[in-house]
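One chain, chain A, appears in both complexes that follow, with chain B as partner in the first and chain C in the second.
And now, the complex of A and B:
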């Protein structure tokens, strides 16, 4: 079967357009967003994310690590995005709501220009299952994996 | 689910309160603003900020969206082509035959493996999730490209790419920017996906860098309202784009080419079709959960074999596994108890206090007791290649029935078009027995079989004087398989005058966007006729409607309701059996005493309605996107005939704000965690079968 598929690939590849030449104008990076609810159950959260330096665009939002925030990707505010702001949030009904530091989202970013971005985050709110505000810390980590043979 | 809603209701006020405390922009500043923590490069952050905030409620997608079909007079529902399985039919219901030739034992390998559709219908609002599974059956990396249909009134506002267990939400962007991001990501070897809109009912899904043996799922969510008329709701899901005809010298149409003939059409968007003896491994599953709100009296799926269970106000319908070839529209109809909806009004306020509503207006009961005016009917018959065989036989059957229903004071005309157009007579003829006999002969004369120069048919049918003493309907009988919809709509708008269009869709996968909009342009009507359906009842329903006068010059006095941005901007005439949905924004509280005013045969008619605005809560957060979708559609319609206006900017702005697909916005998702080996994959189009009943030879090949 594989041989058959290899043989016909050139035919179906007729669907391919001409290979485009211009060099990419941007690069991409994945950034983990972590929230530490300091021992309180984290049932809902909302943050704002920005690049202090560098030109950065959101090109995807991945769900959190396995557990309460893995079932779906967080939501973003499209109206804020239109104003060059990134606002994310989600809630969880999982019985095992996290109380310790957890990755709640992974941001897929497009970076334009040579400058290394510096990211800033801001906790808008965090809440327990009763809707009561709780204190929490937000942090970010680089989640991009180097391609084999590439230097990070 | 109840628990979920409860928690959301608990949390949303908290988050909304946080929002009200104010949130400042935080980009491109030399130092972090208050409340932010800067991260040198990528490092830890603190927050602690007590809270300017945002709008979690606006982050969570809504539950419903409206459609434009309510603005239309839906004369008849598609009755479909449900076929009994033949004993020797390997794939019952499929128009694509599977030849059992030695070299075609295996299906054509395509990068789209399966489509799963889940619809949740509440009242007349549907939430639909479409999951497409792409895979790579080849030995090297590919990009999959699939051109597919969705209902033209669908408000697509959620897009998620799934890779294994990882789910990545797509982001709405201006279309050009999304395309650039996708292209850059593809070139650099990232797995990425892009959803663009080619027509309101045709979309292109591209998925880049699918590695050999790997699968990627795309989840699309949209909302729309159901069509309603004569007690029946109708939900439909289109499964394949029919082969479109594009006028000579056009390049922005929808091309139809044989599998593998990339670029042969010269059109911007192109669909590759399987030959009649080919089939791909792509199949479809579909399940619907229906909560009608009131007892369901009758439920019908005329197009497919299904397993159905109805219990009081609820129903579950599942597409039978034996009918899983996606080559014709799926249609579900249901009738509820009573002759009216229990609730014609849906209203909501968002977290910022902005109100949105949809309201169903019913025609006055008194219309049923009044006789109609004499008619002038112009039948315009599409004789192009795609109508060959069963479709044109159905269309002719419909015209024969219509001629039989005409009265002695009525007049008629017949126009045929394919590469050009011709008419039966240079003026409308009285509907006498002799003239009808001539018309039947004229219908049976051979003609056409070529292209679909619908503009010629429009000119021929609208460019002669109208007898003002008669109510004039121009009845287009067509599958609508053309690629220049905007030109057609513009031409009709320019020439229609006081005539009304009755667009009559014939076939298994009709271009509903075109037919609905033709009818909507000037208070017209639309009906759909399947290939195995009897045309007589459809025409009878049409004549029943026009056998009574309409409520014309409809205007609404909104009373205490401060309504703005109401769509449709021009309220259509209200005919018997045809309610109209109006949607808009509002402010104010309390009881609103609305008065619907109009004229019946030059007599003023006023119908009072009472609305309680205090009952409008955050129960239906999708009404905002619904309203936005309606406004976008209204702007797009105007753009087809008003060249002086700038409609692009407002459409783009609305779509971005409400997270909606449009002609100028697109969803893009990139997995930036890793680059696949190599630069980019080879593009492979997903070939599709021609719709059931459509001849391949005269529509796809040769070109």
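And now, the complex of A and C:
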């Protein structure tokens, strides 16, 4: 009897064990948020970013490239983490305010599944040191893909 | 005519005589009574006339006063309709965003005169914490106002999902603008290149 039990024990364990399901693929990506103030000094900015489709979660926010917006990460709502929408913004009193295209923040995302993530950004405000609105372009690019000429 | 009626009525002669005796001659009214009645009537009409005049003058005065009041209100109206200024709206543009944080930070850095209403966190001191409070409020996902407006979806912007990898938007603050992939093309990446 004992031998029989010992014999079937591995089978019972195998039957009771978890079924090997294909684990959902997950990867991390860094998305650079770029603002081009078109020659005007960018003293304050605020944008909204959202991932349109796919299982995308924000996992972190980092500061911009060395310069006026590198001293600290931009302001954001911590509630945005683990979600797919965030409002970012920052200001700078630095005398060397950027006037050309600059990376103002880097978003760390977790992307689950194979769906191609799609991102949308919207400029909420961009202003010069006097608080006057200035035209600017906001764009994002995938920093996890190294490219020549990238400022990292 | 009365005679014809009398004849038609065929009244007894005695009754006819009695009626003629009763109503045939006018009663004598003293001239004083006529004068008194005439005077009372004139007083009455004069009173009514005065009342009508008072009503007319009163209405005219009320109309004039209303016109003057309307003119005064019109001349003293604010040139720009007042908008409710949110707490932290330092530049009073009706929006709470990062420009307000910049404005307060600049005033603090320049040691400008500070308004007590800029004590956002209510700790009795206007300092960097208030700047941070404004900045944090402006990026809050629960905020109301411009930034709370729904972000346009790719479909709203007319971008096919099959073609969009990364999109960008730009423009002057507050202006929703169509996303242009062409602008994003220099920095556009595709998941397929990974």
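The rule is simple: the second predicted complex is superposed on the first by the 112 of 152 C-alpha atoms of A that agree within 3 Å, B and C clash if a C-alpha of one lies under 4 Å from a C-alpha of the other, contacts with A are read in each partner's own complex, and residues count from 1 in each chain.
As a convention for this text, a contact is a pair of C-beta atoms (placed from the backbone, for glycine too) under 8 Å apart; a residue touches a chain by one contact, two chains touch by 3 or more.
Here the structure is a predicted model, which means the values were calculated and not measured.
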Touching partner for A:63 - first (chain B), second (chain C), both, neither: first
Chain B versus chain C as contact partner of A:75, first or second or both or neither: both
Of chain C and chain B, partner touching more chain A residues: B
Chain B versus chain C as contact partner of A:125, first or second or both or neither: both
Which superposed partner A:85 touches (first chain B, second chain C, both, neither): both
Partner chain in contact with A:26 - chain B first, chain C second, else both or neither: first
First, second, both or neither for A:134, with chain B first and chain C second: second
Touching partner for A:102 - first (chain B), second (chain C), both, neither: neither
Partner chain(s) touched by A:93 [first = chain B, second = chain C, both, neither]: both
Common interface residues of chain A - those touching chain B in one complex and chain C in the other: 43-44, 46, 48, 50, 52-53, 74-77, 79-80, 83, 85, 87-91, 93, 116-125, 127, 129, 131, 133, 135-142, 144-145, 147
Residue ranges of chain A in contact with chain C within the complex: 32, 34, 36, 43-46, 48, 50, 52-53, 74-77, 79-80, 83, 85-91, 93, 116-127, 129, 131, 133-142, 144-145, 147
Touch list for chain B against partner chain A, complex: 3-4, 7-8, 10-11, 13-15, 18-19, 23, 25-32, 35-49, 51-56, 58-61, 106, 109, 137-140, 145, 160-161, 165-173, 180-181, 183-185, 187-190, 260-263, 272, 653, 656-659, 668-675, 677, 680, 682-685
In the complex with chain B, residue positions of chain A that touch it: 2, 4-6, 8-9, 11-17, 19-20, 24-31, 43-44, 46-48, 50-53, 57-63, 66, 70, 72-85, 87-91, 93, 106, 108-110, 116-125, 127, 129-133, 135-145, 147-148, 150
Touch list for chain C against partner chain A, complex: 91, 95, 97-99, 101-103, 105-106, 109, 132, 135-136, 138-143, 146-147, 151-154, 157, 161, 164-174, 176-177, 179, 183-184, 187-189, 191-194
